[in-house]
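Same chain, two partners: chain A is paired with chain B first, then with chain C.
Our next item is the complex of A and B:
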């Protein structure tokens, strides 16, 4: 596989980008302002697009250039634009209802990364890949997954939940670029389009929430229990 | 021939959905959807019969018609037909003629996505089909635009999207595990995965399988990932509740079934099955606890769906000929029975104007015919003879009476008894208690609302006393493709 036979320099570049994406996930976790989430998410998407292009260049997968362009356009520009429109229409600037202070959330997030590292280390060493960029990719993939779930759990603003879901997907996408760069182009493009539809659906639903429930905080969603 | 039928089956709902959007007439929309569902059912029956000579592959291997897929296809087509008939009567009660076209367009599209998911031969495309079912059905769940239904729709899309993203992660990890065997680029068909599985790295395959199981398990409604299910099933219009419960859950269960085959081939079948059995028992437990103390009539049905998906999971987990055959038979019986239950609940809810079990009484006097049908359905869904669910639950229980899973079989038995008592106790109150206040004048309903209940109950009774030979040989052939499953 690609990750096992990389030039040390290239391997470090990949690692740097993966870690930068993880740090951006922490930026989202540690912030209260919805705009900051959005900028961090857009930056993360651009980082992933760059990574796709880099993997395409060094690994010899020219189709990844197309994925890189589509990622940058969809995840880096169009999705943030859609979410930004929702933010502007809703007039919510910050998260008011957090269960966990951002500082505590950062600590919990750090534990998530340690757990992810333990799992990936075990899987990586059983594959004979210990110490390669593959383990790091798996770690980042799993930790972004866990951080996304953490954001879903401790944030209550509808927009934070949408962005939490997008972080979940970003993690998978990032890991997939390094671990399975040969994944068929068709599937990747369909998944990208799928994400657009998801966000469009969320946009419509958020409007319904405002119109019929009168709030976008999931703390107000407590009619249905038992 | 198979290709033509399959194509007709996919084109019919697609055309109906588009025509509803273009035409926008309420009566025309319901006719279009009804015709499409009739075509789907008409194509599904011969497809099941023909799938034995297959599998048939189309479109450079992206589409497959195999035996388990065709079976779920049939279950979904049956529910689609019944729900379409029922929807004609039910949706007219809602006084929503102006936006009925959008309901039927979404309805047909929802059916299309479920049917598509059963014939996807590529694990990635299967994931996308399941994701699309969520996106379409969210708007059906929130169709009534009340605060409750929007809340249910929001919880549904958030919980299920988060859950299903775990399945995507599992799919990517399976692809990775396969790429270490088959080379960096390959088509991720179910067969390719199964063939690569024996050489897959076991810890990686285990991780991937567990992620997939939790991911699709969310969609199936296995506890503890079931939290969206009672809300979505109780707040959507009754025909949609039937579709969610009878068609969608089976469609996602098919994914678990297909990955179970891969797990068996990878030599991690033991762990995979034990996990599935544990989820099954826990679903039964959650179902039992919430059924006993339930106050909403449609939520009662929703928890019963969790229970029955738990039973199907137990059947797949126990494995063996009896386990697999019982689980597949249970899918069909549950589809029929749960449609019947949701139709009955929808009728009672609409005519009495309440969802609370406590406010419903004297059904036996007010609705002699449809009340009797609904009561028969309630007896059937708790697994009492002589209905189909008794037979399938009995066979699954028999499969569990095997050294390794005996505790699960016993737990299943106890919990089924608890559910039997709890569920029928609610029906006793609704049928034979007479309210203190003045009797609410029940609104009459049309034959559209009662005929599908007959259409669901009669086959259910038939399948309870006679397990058709054709079905049995279909199940035997499916179980034979799972070598790891034989005890």
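Our next item is the complex of A and C:
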């Protein structure tokens, strides 16, 4: 495994980038404005693209450069552009009724990170990886997934839910880059196109919400229809 | 031994005498950034001089707490410099009285007495100020404790001198994510604890008054002591931030006269850097509403937790 035997400097660069993307996930969790989520998401995607290029360079996986370019273009530019178009059409600038205040959400997120650390410690020590960057990658991956779930749970604007889903996916992608950098190229490309479909579907769903419910808040979806 | 004792006295005197200069410098820079003339670097000294020559007026309702608070606050701020590396990077006599937590306790003791004094006189403003200060304390303390835990885990010790030595000796630790997050978390706390924006509490506008409301009943020399104590608190927090966390270099190694003068000069440079960062933060941000104070401190808490995670992985 690449992560187990790395130069200390390289592994600290990796950990800095991984933690920076975790911080950006926290920025998304702590802000109220939809535009700020979007910028943070784009920055996070660029960070992950840089990370995969770095893994490709230091690990000797040339195909990761392609992945990095695709990630930067798709996740860093195209997906944010699509979501931005939806936001512009909708006239919704921010979450209006918060289920959980941003500051409380930050603290809950911090506890999610602690939980993720505990889990990945167990996993890492049972695999004999304790003290390597792999544990950090696992922690960041798990905590970004938990933060994504948290965003899905405590936000009810349809757009924040799309972004929550994308953060969740970004987390998995980031973990995969460090833990299994040699993952076949096609799987990665398939995942990228899956994401496109997810965003497109959400776009249609949002249109449906606006047309039938008159708002994009999932709180309005109270009636069960069959 | 004699030299060490003299150095220790020197540390306390540095904090005592240079604290108003730091306050004056920050205020002056801020005015300059806003293209105003500014009151001058030495204005806090002139203010203190003026207050020390005024008469004391005491409310009828005041008890002994009203008298004790300024002295306790001032003495507490004179005690903390003994525990931390102000001029030298080696422990001086009596610096083993307390570790980081002990220093934090003494810093809080002064503020606790001022809270009591605010309540003591029975005026409405004092009560408001004290309750707000306690609210802010409740929000800031968990973040502070998390930062302390992070520092402890990073250096495997609770002594500021050990942290300083570790950061000077090992650049890898200095540039590790854990340490960078500790710096971020402590900077947010520094803004909150030294009354800077986004929580600027030392204004005279009633809606925002925190620090000023607690000491509204004081006048003359007692007020001067309280103001001086709060400037010293700011100086001490800057010392901890720059000498222990941000810029651990430039402290006197041997404790000779020239060395110590050099470390005073280094301290001035470091404080200039930190003060410019603070001035930038104050200029770039607007004041938070009272009910949004927790956002800054929650962010600081999160960075503290991330730092702890970082220490577990290095």
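By our rule, the second predicted complex is superposed on the first by the 224 of 226 C-alpha atoms of A that agree within 3 Å, B and C clash if a C-alpha of one lies under 4 Å from a C-alpha of the other, contacts with A are read in each partner's own complex, and residues count from 1 in each chain.
Following the convention adopted for this analysis, a contact is a pair of C-beta atoms (placed from the backbone, for glycine too) under 8 Å apart; a residue touches a chain by one contact, two chains touch by 3 or more.
The model shown is predicted, which means the values in this text are computed figures rather than measured ones.
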Side-by-side fit of chain B and chain C on chain A, or clash: fit
Superposed model, angle subtended at chain A by chain C and chain B (C-alpha, nearest 10 degrees): 140
Which superposed partner A:169 touches (first chain B, second chain C, both, neither): first
Partner chain in contact with A:110 - chain B first, chain C second, else both or neither: second
Which superposed partner A:12 touches (first chain B, second chain C, both, neither): second
Touching partner for A:135 - first (chain B), second (chain C), both, neither: second
Partner chain in contact with A:60 - chain B first, chain C second, else both or neither: neither
Chain B versus chain C as contact partner of A:26, first or second or both or neither: second
Which of chain B and chain C A:102 touches, first, second, both or neither: second
Contacts of A:190 with chain B and chain C, given as first, second, both or neither: first
Superposed model, chain A: greater residue contact from chain B or chain C: B
Partner chain in contact with A:213 - chain B first, chain C second, else both or neither: first
Per-pair minimum CA distance [chain C against chain B, superposed on A] in Å: 19
Those residues of chain A which chain B touches in one complex and chain C touches in the other: none
Residue ranges of chain C touching chain A (in the complex, touch as defined): 172, 175-177, 180-181, 292, 294-295, 297-299, 301-302, 305-306, 309-310, 312-314
Interface residues, chain A side, partner chain C - complex: 8-9, 12, 15-16, 19, 22-23, 26, 30, 102-104, 106-107, 109-110, 113-114, 117, 121, 131, 133, 135-136, 139
List of chain B residues in touch with chain A within their complex: 122, 124-125, 128, 131-132, 135, 138-139, 142, 145-148, 150-155, 157-158, 161-162, 165-166, 168-169, 172, 175-176, 179-180, 183-188, 201-204, 207, 230-231, 234-235, 290, 293-296, 299
Touching residues on chain A, where the partner in the complex is chain B: 1-2, 119, 122-123, 126-127, 141, 145, 148-149, 152, 158, 161, 164-165, 168-169, 171-172, 175-176, 179-184, 187, 190-191, 194, 197-198, 201-202, 204-205, 208-209, 212-214, 218, 221, 223-224, 226
